[in-house]
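The same chain A turns up in both complexes below, where it pairs with chain B and then with chain C.
Moving on to the complex of A and B:
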């Protein structure tokens, strides 16, 4: 009977996540577009066949993965440095800790607009700096080879604080005693980082990694505002492609197929990450 | 003398939390630092270990001034109150880690860890993690790690406070055998006077960062130098009679006994303790505690007395003993 108490939570989660997921899965098995007069007509998996042969979908999948892996990787490294710094006691730490969180508190669209302006050619400060150093125009937001890096910069700037916060919480669970015992054993500070801090931080790294990978894989607003997916679709993410199908081409059936397809890819990626980290011997201990 | 603290002081901000501490611990001697929480006993231990640096005075180990020597190089074997075992490592790896960072060869590491595991009867737990061990087993691992350090000084910070009473009694002889019988000076921090008396050769009672008295357990019990020591050492607590012309008289409950020529008292309460019973009396001199044989049947009104030789006298202003 006590399980009844879980009912409101289950209902809420079911309504918010379960219903749309099932609805999308259902929709992905139907043709539902302007052509069908926006009426869902079963089409025997034609959407899925189209998805598998859709070059643009796979291109976007690769681009999205590249974006997610590179930005989350960078975020982890920078966040670790920030967390280690904020874990030390020093004057003004409180102010810096609050300031660190600011980018995260800013609405993504607002900060994405800011970055678009920063990378603007020819008026943005980056171009101005380049000019100062005698470089020729960089065209950051219109060069298909490097524009994705600009979106990575925006994402790293925005979400590093989130990981830093998780890692900082993790650092504060490590008892000071362990470091003191290690010191008395003859251990140097750098050895303490690798032998104590990092192993004990692994569960938190994993947590941040899974959270952020899932989030970065579904990136939409940042890309939409900064580049609109361009130039030449070089920064288009799966979520953006799905959005375009629904909102520009009014093809809801196929849009749903892309969503479910990328959901499956993400699920596989998360399972993979989890499995790889589970294999790591150090982590097994830390999780116990 | 192997461990000497000369006029040690430690300050936090402007406040001295430890001042003018003078201690000497001989090789093979166990000194207990005893006192209520906040008296500076753990601070003293941290200063000896080098985890904090003294703001005043110097620390000598085997005649060498180590006041400015880093903790890493002081060769201290310390057992932490929390045991401070590395949760992500097995027992064997916990013990190996120190040897490894000190650059001892792999073969030597194996050999030494194996022998200390055998000594501590921990072989079967070598592959377990601290979370899979009981409190007593964890404590043995912490001891094993201290032994492996091959230290010049042992420091034990409330090593038994996380164990239940029975286990504590069981572990005392083991602790004596392993560490206290060695050749190194041992400093043992505790707030438990029974433990201090059972384990230590000498006890230093600290109060508010100052040394109150140092001596053998017998000296502290029989000749407490201040009211504070008198009431801190010995349970049930000593009777302090109201001050008369600046002198406080104190008498231990076990020195009070029934006698027809004594003062008349009324029994307020009796605690039966097995071999003895503790009587709370209302006497003309105030409330008194009397410890007597549990066989005796106590009437409601009794007469009690004590030998004047057993009385302790203290100056009521300074709290110091008057002889």
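Moving on to the complex of A and C:
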């Protein structure tokens, strides 16, 4: 009887998460585009062959991973600093905490367009500053070598507060006595960070890492609005590529193949990260 | 010691707020002064950008209203399904509950943007496009994992004796939920609601593909559409005004519900 109360929620989640995956698996084995008159026709895995030989797919996969790893790495570092700061007691902490939360609460598209203006050449403030210091025009959003870094800035700005709060929650579970005892034993405050705080924070770091890596791997809003994937598709993410295939090229079969492909790559990446974590634990154990 | 801390606090505030202040500054600038920022013409400050945004067709408040409708209906639907599910999770055998929680965690980790194409097909076949209330279904499903996990841990914290006592008093399941249990998980419900509301207010890819009529757009889509209309010259002044107007309700929400947001996110971390 009580189990029945679970049913509506599970059904809805199953419908919205499960049905698409099954549908994509099916679509990826069919040609379904304007060429076929938007009718699905089995094509014996031609989509998958195309995916494996699609340079743009692999380039996007590398770009998406690079974006995810660099963004999340920076976010963790900055978030740790913010969490340590907010964990201390000082006047006005509540207001500052609300101010740091604000970037996270705003819609991504709003500030994606904001960043586009900030990085604008030649009128944006960054270019103005560069000119003031006598630097060359940076062309931040039209130089394929550096545009992706601008998208990293946008992502770090927006999602760092989220990780900071998770780490803050972790910090608040560490009992004050531990630090007390450490000090009585003659430990230096700085050493406490590496000997107590970071080891005990590990599960929260892992949680934030896993969650954010998966989300950053699916980055879409920020890229679509800030750069549209350009210049020269240098910032295009896998999600954006599959979106373009579906909505611009109207090739639903291939779009679905890209999504399943991305999902498989993400799973592999998660397994890899997990294995590295396990490995490092074993290493640590061996050192003790 | 305290001085270095103040430097860090100031750095944090600059990092978080300066991009926003730049938007505020831009929104009050006339187009000419944006192009020549250092020139000192007399026409620097203007309210034209705001005037333009508020009198556009459809006017800007329409998008705020649409986002609010979607936010409220999605939050209600989520709570309606998540509260019974969370209660059930805290009462069923631990093994089954663990399995369901793992599934929910997997769904929460899934980059949901990959679902948009199939969801669009579903919307087309059930005729749900261009319908603000229909967006509640995908939004409730996408928020369900977080909502169920947060609420389940709140139900789990309630003492079992309490419910036993209510049962002895002759209260049925519905009455126990309505009069005893749900009031006690109030704080967790508030946290869940504000997080779900923020998610629905801000969601982009699904709203982008489900809505096409310009008077039905939610705020994120409306703002992105400004970017799409003219790739080469974006009307940054009016756009910045739109950003500021769009950020104000969220600023208010964050200020009012800061504690709920923080406890929602942190409870999710500690107990998830």
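Note that the second predicted complex is superposed on the first by the 274 of 288 C-alpha atoms of A that agree within 3 Å, B and C clash if a C-alpha of one lies under 4 Å from a C-alpha of the other, contacts with A are read in each partner's own complex, and residues count from 1 in each chain.
Following the convention adopted for this analysis, a contact is a pair of C-beta atoms (placed from the backbone, for glycine too) under 8 Å apart; a residue touches a chain by one contact, two chains touch by 3 or more.
All figures in this text were calculated on a predicted structure; none of them were measured in a lab.
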{"item": "Chain A as common anchor, with chain B and chain C clashing or fitting", "value": "fit"}
{"item": "Superposition-derived comparison: chain B or chain C, residues of chain A touched", "value": "C"}
{"item": "Touching partner for A:184 - first (chain B), second (chain C), both, neither", "value": "first"}
{"item": "Touched partner set for A:241, first chain B, second chain C, both or neither", "value": "neither"}
{"item": "Touched partner set for A:195, first chain B, second chain C, both or neither", "value": "first"}
{"item": "Touched partner set for A:225, first chain B, second chain C, both or neither", "value": "second"}
{"item": "Partner chain(s) touched by A:57 [first = chain B, second = chain C, both, neither]", "value": "neither"}
{"item": "Partner chain in contact with A:88 - chain B first, chain C second, else both or neither", "value": "second"}
{"item": "Which superposed partner A:175 touches (first chain B, second chain C, both, neither)", "value": "first"}
{"item": "Computed vertex angle (chain A) for partners chain B and chain C, CA, steps of 10°", "value": "80"}
{"item": "Minimum C-alpha spacing, chains overlaid - chain B and chain C, in Å", "value": "16"}
{"item": "Chain A-touching residues of chain C, taken from the complex the two chains share", "value": "5, 8-9, 12-13, 15-17, 19-20, 22-23, 26, 34-35, 37-38, 81-82, 84-85, 87-89, 91-92, 96, 100, 103-104, 107-119, 121-122, 137-138, 140-142, 144-145, 148, 173, 198, 201-202, 204-205, 209, 219-221, 223-224, 226-227, 231, 234, 236, 239-240, 243, 246-247, 250-251, 253-255, 258, 261-262, 265-267, 269-270, 272"}
{"item": "Sites on chain A touched by chain B in the complex", "value": "175, 177-178, 180-188, 191, 195-196, 199-200, 282, 285-286, 288"}
{"item": "For the chain A and chain C complex, residues of the former touching the latter", "value": "1-6, 8-10, 12-13, 15-17, 19-21, 23-24, 81-82, 85, 88, 90, 94, 96-103, 105-118, 120, 123, 125, 128, 157, 161-162, 165-166, 168-170, 172-173, 204, 207-208, 210-211, 214-215, 217-218, 220-221, 224-225, 228, 239, 242-243, 246-247, 252, 255-256, 259, 262-263, 266"}
{"item": "For the chain B and chain A complex, residues of the former touching the latter", "value": "49-51, 71-72, 74, 76-78, 80, 82, 84, 86-90, 97-98, 101-102, 129, 131-132, 145, 149"}
